[in-house]
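Two complexes are shown next, each including subunit A; its partner changes from subunit B in the first to subunit C in the second.
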Partner chain A sequence: MRKQTSPGGLAVITRKEFADHVSGWRMIILMGLVAVTGVASLYVAAQTIRSAVGEAGTIDFVFLRLFTASDGKLPPFISFVSFLGPLVGLALGFDAVSGEHARRTLSRVLAQPIHRDALVNGKFLGGLAAVAAMLSALWLAVGALGLVLIGVPPTADEFVRLAAFLAVTVIYISFWLALSILFSTVFRQAATSALAGIAAWLFFAIFADLLADLAAAALVPAAAGGNPEAIFAQEQIRLWLSRLSPVTLYSEAVSTLLTPSIRALGPVMVEQILGALQGVLPIGQSLLLVWPQVVGLITGTAACFAASYILFMRREIRA
Partner chain B sequence: MGSATPVIETSGLVRRYGDLTAVDHLDLTVCQGEIFGLLGPNGAGKTTTILMLLGLTEPTEGRVRIAGLDPSRQPLEVKRITGYLPDNVGFYDEMTGRDNLRYTAALNGIPRPEAERRIAKALQRVGLPETADRKAGTYSHGMRQRLGLADVLVKEPRIIVLDEPTVGLDPEGARDFLELTRELAREGITVLLSSHLLHQVQEICDRVGIFVSGRMVACGRVHDLAEQILADEQFRLLIEIQAPLPGLATELGRLDGVASVEDADGEEGGGRRLRLACSRDVRAEVGLRVQELGGILLHLEQSGRSLDEIYARYFRGKEMDNVA
Partner chain C sequence: MMRGNQEFKITTAVFPLTILILTILALIMVMLPPASIQAAGIDLSTEFPGIFVRPGETVNLYLQVTNPGASGIIALDTDQVPEGWEQPVLRGGGFRINQVYVKSGENARITLDVKIPGNASAGAYTVTVRASGNAGAAELPLTLRVSEPNQAGAALTSQYPALRGPADATYSFQVTLDNDGNAKETFSLAAQAPQGWEVKFKPRYEDKHVVTIPVDPNSTQSLDVEVRVPRGAAAGSFKIPVRAASGSATAEIELQIELIGTYALNVTTPSGLMSAQATAGRESSVTISVANTGSAPLTDVSLTASAPPNWTVTFAPDKVDALAPGETKQVQAVLKPSSKAIAGDYVVSVWAQGRETSDDAEFRVAVRTSTLWGFIGVGLVLLVIAGVSRVFKVYGRR
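== the complex of A and B ==
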């Protein structure tokens, strides 16, 4: 008989998933949404920057400010990305496995000589490739638009920071993709899986911070009395709790990358500031500072992925 | 037809779902080039058996060998030589029929030109060449089923497993489908098909296994099964009388050569139609006896031994449960 032992199943499935995403309506809708909000926030940021330049003469890192500045009404670009990013990941993955089940193609595909995990892996990699392609295109478009709006090209340092921003965003969205693939494995109905994804998204985007505040206040009640040590302890707890949320991790990482003047994450004592040098952090130091956040996001992605893998490998494929 | 090389072998195969035993100690051997029919009512465990043969579900106990390979340990090798058509097969609706087949070919690692050749051949064979470039979402059930068979043929399997392949096909479509299956078996492909449509299975299967509640209660060639099960009932007689006659069944049962008498319409049939199992031709005596008892015989029919009757023997009670 034929002796082809290396199954190219993973590559084939990844390619199909990528092609499906790129040519599908979902991608167009999501891109439209991100593009419209992105352009609006960039435009507002450019206005703000112009008036700031008018008052102060020159400002540092003007290109980066395009992504972090806001007029106080419309949130900055990075806030939009941190809010809408999960939606992109969820939309691409919520019916990954349950959809195959509903179309009754699952058993037909798994009756082909491919490893079972090739299907889940291929879905993840295909989605990841689509996200990376979409974000890269958006990134280039936004960069070009920024150039037109403020007329100053980014410096090499700014360019590296923006590239890191792109990479961290891809990782962030791939976390949500992995989470939605997990939900699509757990729930047989695509609608249930989508709902679970949206619930997780709203929880992390809106309520997680509030809950972290509440929990920290409950754990260190002495802080209400104004005791500085207690206040410090409470703030520490709040911070670590809120870091359980991927949204917080991402926001911290991205604002550090795009705001070179951020020198530390978390509460800082007055003595620490007193001795410190004024100025901005070099790019290498910023990257070091966000490394734990990035590792946290990757760990979350891997955990979701491992869970869906285990569930799927043990499942009976009927349909 | 075919040599006696066993291709599908199971021994002591068990699959339990909680308390329910869906497949109970199944021993099965299917040889090369054979068409084997897995027969049984809904919920008998046919699909579960097939899933275990393909490694899509793990057996609770027992052993499976497909061409000497263990589907749990060497799933890829097994799936490379086995084509599976699930019941109610699905396709990617937004892709054309041909693209669906291309995807299958790619998953099987068949190089492009070779794949195109096989796809064209398979589509030709199942009679879909004109519609192949339409979106699969626009296909009728019959066309899907044909596309499913083409999908199986693309990988040029040694073994084909068909789960309820003719359900929902019109009589002509079903005939074509089964004719094609027979042709494939003649080429040396081993075919395992599950069904509850007895006439069809009877026509094309070399051997059948009868499944009830997870147990294979009989297995063999249709003719041999008839010998086995209906050994003392070489003749089966169906009579219909104008009005029920009390005591008629008992009277007829006393006739020499009559093995059993039962109401053809079930328990509450009223006794107008009776079915007799006899070891010799008793038509004349039966007619006479009905007349003696003052009844009017409307209809008397002698039937052969068909799979239907064998099947009915086993499932009469069971199928009524399912209908209710």
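== the complex of A and C ==
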């Protein structure tokens, strides 16, 4: 309590929120869900890799395939994370502000020597820290399990890619955390906030792609097998519309990071492929390729957080 | 008259007696061993009783022993051997012999080995062979005329002493080394070849490299002379004197190789690394070396490249006018990938086309995308942070 007083209680709130999240059932249940599905997909991936190695001899980037391989029935690990990860973020934030309202504890907290901005910052940072800690733990556990399953240690390149995967995942989930904090600030009822969050999640995870397809087809009509330029333009528009969804951004970023042979995202002209050799990208080029996606996620997170900050700061708080 | 009659009577009386005696005698003659007919005797003969020989030589003479008398053992011996000569050896049926058993009326073949000493001087020598048995004895003088000893001499001959072909090859000459002398000689072999050429001597049908080779007197030894011509040897005619020398004789032969010029071009980089890095839409320079690896000069070597669409590859200079054998010239290739190139590896083939020959090399160009957008992204993130901190400032604690 010596130094923490100077930033107006930010550290206190952050630590308290972190402790609440980590010990709370909510987090444990959701991370458990992610962990169970993740481990299941990892196991399936390991089986697939083993049979593939038996058939094809050596495989490059075996360790990365643990996260991207699937047997066609169970989606790969990264799909589970991209689908279920938002739930973790939503669960941690949906009642961040509205819950305090409902419990009528907000004025009590603010009666302490704690600044109002420290409260919202601390709630976001605490959630972020909890997400980062739990994801790191899951990441390490999955990595260790993968090591046991396939017995091949990751190379330095693979390790850097996996670290980038962890960082992008933390950013992705923190976007959903920021979004749910925004909803909890906008809506006074925690249930409303949660529903809004779930609606957003379902929309982006399932319907955004379909809508992007429809919208692109409506904007640039192109028959299959018709004018190639029109098809190309339609594909471009569809891609850009679907990239409005954080789920698409995350999927693109992560699959590129964990699949070194992906060299381009989006449609590629034949003339760009001519003379190209089969090969993998160096890690720097992969990072460069997904950097726009990462910037998009960071920007989205910052925008949601800033919006909730502004809303919270301007809100009238009655006891 | 009476007497005449008497005599007649007597003679007529004696006649049957004489016949009887003669008959008995004839019977005795038939039944007695033929030893009684000693006049026939033993015959020792050879077809060529006088021969020319050389010092150091061993001659085998075939003798025939005929026994017209009763079967019996005939002792054989050599006599009257010239001074300093070894005792000749009689052989028969694979054995050294000193006796032979010859049936009556038959003959036996035996061999006489005579070793003529190496130092025998010219002249006629006589070796006498004796045979003696129950039926008598026989003598056979053999005349061996030693001819004037040859001086030590040697000769090297080859059926094909001149060969023609390209550099960077091995030429094999078949050479025969002839020792005309009367003594066994050990020849040391040497060849004078241009610098960097390798000459090896091998006995025919053997995979050994020899420096010296022994040759028996009056015999020949076949040799393979292998000449390895290095890569880059200039075209032209080259003489390779080969010499075989022993203590007393030398022989020489001049082998000749006519090298025809080869045209060979090699495109590579000074470091040998056939990969380059380039950034999409930006020029990058690669040094290419064009080497004449043949043995004839090349002219008008122009450089071209085949690259993916929308790439540009230029060479400075784009033409090498002349390239002497062994010479290497460097050319700067400036390659600019398409600005829309996707990151990854591409193949760029570089062709060097001379008037005489051509070569190509494939380069692996690792294309990186411009980091410009990466920096724009960083700028965006900084802007976002600035925006949030501005929000903090504007709406922060009041």
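Please note the rule applied: the second predicted complex is superposed on the first by the 308 of 319 C-alpha atoms of A that agree within 3 Å, B and C clash if a C-alpha of one lies under 4 Å from a C-alpha of the other, contacts with A are read in each partner's own complex, and residues count from 1 in each chain.
Please note the rule applied: a residue touches a chain if its C-beta (ideal position, glycine included) is under 8 Å from a C-beta of that chain, and two chains touch if they have at least 3 such contacts.
Note that this is a predicted model, so its numbers are computed, not measured.
Look at A:G226: by the touch rule set out above, it reaches neither subunit B nor subunit C. Once the two complexes are laid over each other on the shared chain, residue contacts for A:Y309 go to subunit C alone; subunit B is not touched.
In the superposed model, A:L281 makes contact with subunit C only, not with subunit B. The wider contact with subunit A, measured as residues touched, comes from C rather than the other of subunit B and subunit C. Of the two partner chains, both subunit B and subunit C are touched by A:H115. In the superposition on chain A, A:K16 contacts subunit B only, with no contact to subunit C. By the touch criterion stated above, A:G72 is placed in contact with neither subunit B nor subunit C.
Within the superposed three-chain model, A:R103 lies in touch with subunit B and out of touch with subunit C [touch as defined at top]. In the superposition on chain A, contact is made by A:W291 with subunit C only, not with subunit B. Shared contact residues of subunit A, touching subunit B in one structure and subunit C in the other: 8, 115-116. Interface residues of subunit C, counted against subunit A in their complex, comprise 307-311, 338, 340-348, 364, 366, 368-369, 371, 373-374, 377, 380-381, 384-385, 387-388, 391-392, 395-397.
Interface of subunit A with subunit B (complex): residues 1-2, 4-5, 7-9, 12-13, 16, 103-105, 107-116, 316-319.
Across the interface of their complex, subunit C is touched by residues 8, 115-117, 263-264, 268-269, 271-277, 279, 281-282, 284-285, 288-289, 291-292, 294-295, 298-299, 302-303, 305-306, 309-310, 313-314 of subunit A.
If you check the complex, the residues on subunit B that touch subunit A are 47, 51, 54, 56-57, 75-77, 79-84, 86, 88-93, 103-104, 106-109, 148, 151, 155, 158.
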